[in-house]
């Protein structure tokens, strides 16, 4: 952990060497290639957006970087050193934190208990929880992100989606994350709350973190992103810096580009009055279908079994 | 260590006055056990008013004894429920433990204490098996422990018959070590006019320890987390498997303690005993504010639930009411306690 | 090196000492020996008897019934198929399955006669000889059953009441361990008919600590109770503890016995027990089926054969004790 802190101090401003480098990373489950030849660089103080439709391989990519899965092809380098993570804990210890769509918050637990879950502060010979200190730190850290919850002892279920997102991000930052992976942070939020979440992404970036912003919404991505990668059927179809890309291009690429044009043409024939041009598609309020918590649990349990077998 | 390393680089800490704490009364009322506390007080006052022997201090020991035999198991069962799981085998596991100690010592002519330690191993193994099977198969704990429940019921009967030819364990009160073991598991202490069975002591001790662990230690935090959202807990590095198996083992340990009391209080153990008690434990935990869905609850509440059971069971006798209605009365009491619980919680959450 | 060998010697010594200490010098399995029913074996052809009771799992009373049945089966060259289920409908199903298996005879308890009636009559009409035991003294004849071996629970209760009156008791507490059990109710009602100052209390038979607490609380509530009448041997032994807990001067008396209870009568903790001789019920039921099959005999001349009540108290406990240690009384 100490090396992480010193490096952050050494690297004044924007470091050019990537913290995380993926080179031709692939993952296959038996005959199914979920991810093929993905190369990606995550730099400090940059937001790298990974876009893609459902099933494009976004979640597989997250799982590889967060230590839930092992990749089957290619290499992953951390600070220039080739690494493989055996568990989420290992990834976290290396400074890679993941904020999942369900935020990894236990709904009925209090704000401060959630904040320190898995990293509880303890004191004294009995290793008692240092509740006073945890509450204080929790309030401070949330304050820095500009979030104020009425009662730290209240359950997180009573907070808004944006506030919960913020707790998860603040937690990751506090526990020494250098790279933070945000899995569809705006997917389940309305317009206003999405704005709140995007503000936190910028705050995290300005705090000197490398941010990986996973989303299917090019408008959100373009607001905060420095670098854009679009995945499609497990492959990278676009890899460009913000300077080389307009929102229009990004939207078109993301929406399927050529394919959407064809589809638009086809649908126009069916019901001409209701189809608009792909460039004008309003994405702001489209919510992506996500796995229900039960499905998610089932999938994760299965995967864990696989890992252990 | 992570925290201390990164804390300085976080900039100036701002004291924030917007994070207000709620008034003390509201915070107390939002505790999960407050409903059961109110219900316990109401039931206590009711029987104080109608039953003369209930007012006699000397009889406190009897009431607490009835509550303690439920409470010793209700505490770990509540922990398990907060951790998001059920154990339907908890009732017969008590019988299994008592039988194990008795039959092993008797059949092999061992010192009773050896039987006791072997029984501890058996009980803990049953708990661990429940937890392991649950995580291995991914089935709901309701089903897994229902299986264990039936298996143990059969084993209790079958093995007892196989070894002794009867359906109860043989009397082992004439064997070495019985007297000293009885001092530990089946004795009583007199405090002024009140005679307390040792189970009361164990019950209070277990409640205090469990409440401390749950609210003031890291393990307790993990229990809430695995019950609230196991996937979330795993994602932040909580050892979900170890926590759940640990909870089942805790139930096993307490089943052993109860089983030893059963054996040394009554010298023999009837192999058909304990069926149906698992629901009493679960109900005590629910009265105490544990949610059936996990992630929320209190061990102090579960102990109060056990106390409500004990007071009601014996209060009806003390009041001299027609016993035909005992179960009806018990059912009404339980419903009332749970409703009070819900009402208070709702009121507290609104503040 | 020296140190290590000495250490291991010490360790070995400690282990040996532990192993020795681990054994009990008294009690244990070796003390129970003996085999009842050593009579010669019949040379008649092997026959199959289904023995179907309403015993709840773990009720010690049925150990004695079953031993009697097994001893008779051994002697009569009978293949005994013992089955039990406390639920009336399930027990009736067991009778049906015995019919399906084409057994040579059925011995059945009729604790819930209404549930059993149809299937028992089916067996009788199908030519399978059936005898009843233990429960159903009012119902067996109408079903066409050959004989009945047991006690009349009401008569047994009356006998207990008479005994209480003779003993000069003031008030008795009748402890029912299973709510809604007709036979147990009949015992208490019978007692009440000859000893009116009897009060009932219901306890959960499968939960001994709660039985103890319940009896204790009742004794604390009503100090005038001077007799606790339990309806099963294990509950009598628990009631002894309750009496002590409540600092009551009440005496414990009971229905039914087992080995530990006989010891308690001998030790003076329990005054007396009403014995219905369960071993005899099991034995006679099987034996009567064998007699019927091999020689066309019936027992009882169309009336119930009563196996009780008989009292076990300090005057005859010494004689009974010898048999009890064999597990047959």
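By letter and in written order, the chains are A, B and C; residue numbering begins at 1 in each of them.
The rule is simple: contacts are C-beta pairs under 8 Å (C-beta built on N, C-alpha and C of every residue); 3 or more make two chains touch, one makes a residue touch a chain.
Since we're looking at a predicted model, the values are computed, not measured.
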Chains in simultaneous contact with chain A and chain B: none
Longest centre-to-centre distance from chain A, chain (CA-based): C
Rounded Å distance between chain A and chain B, as computed from the means of their C-alpha atoms: 42
Rounded Å distance between chain A and chain C, as computed from the means of their C-alpha atoms: 70
Distance from chain C to chain B - Cα centre to Cα centre, in angstrom: 33
Residues on chain A engaged by chain B in the complex (per definition of touch): 1-2, 5, 8-9, 88-89, 92, 98, 100, 102-109, 113, 116-122, 127-129, 131, 137, 139-144, 148-154, 174-176, 293, 296-298, 300-301, 304
Residue ranges of chain B touching chain A (in the complex, touch as defined): 1-3, 5-7, 9-11, 13-14, 16, 18-22, 27, 138, 216-218, 220-222, 224-225, 227-238, 291, 295-296
Touch list for chain B against partner chain C, complex: 51-53, 56, 58-59, 61-63, 65-66, 69, 105-112, 114, 153, 156-157, 163, 165-168, 170-178, 195, 199, 261-262, 265-268, 270-277, 310, 313-314, 317-320, 323-324, 326-327
Residue ranges of chain C touching chain B (in the complex, touch as defined): 21-30, 32, 56-60, 62-63, 67, 179, 200-202, 204, 206-210, 212-214, 216-218, 220-222, 234, 237-238, 241, 245-246, 258-260, 263, 327
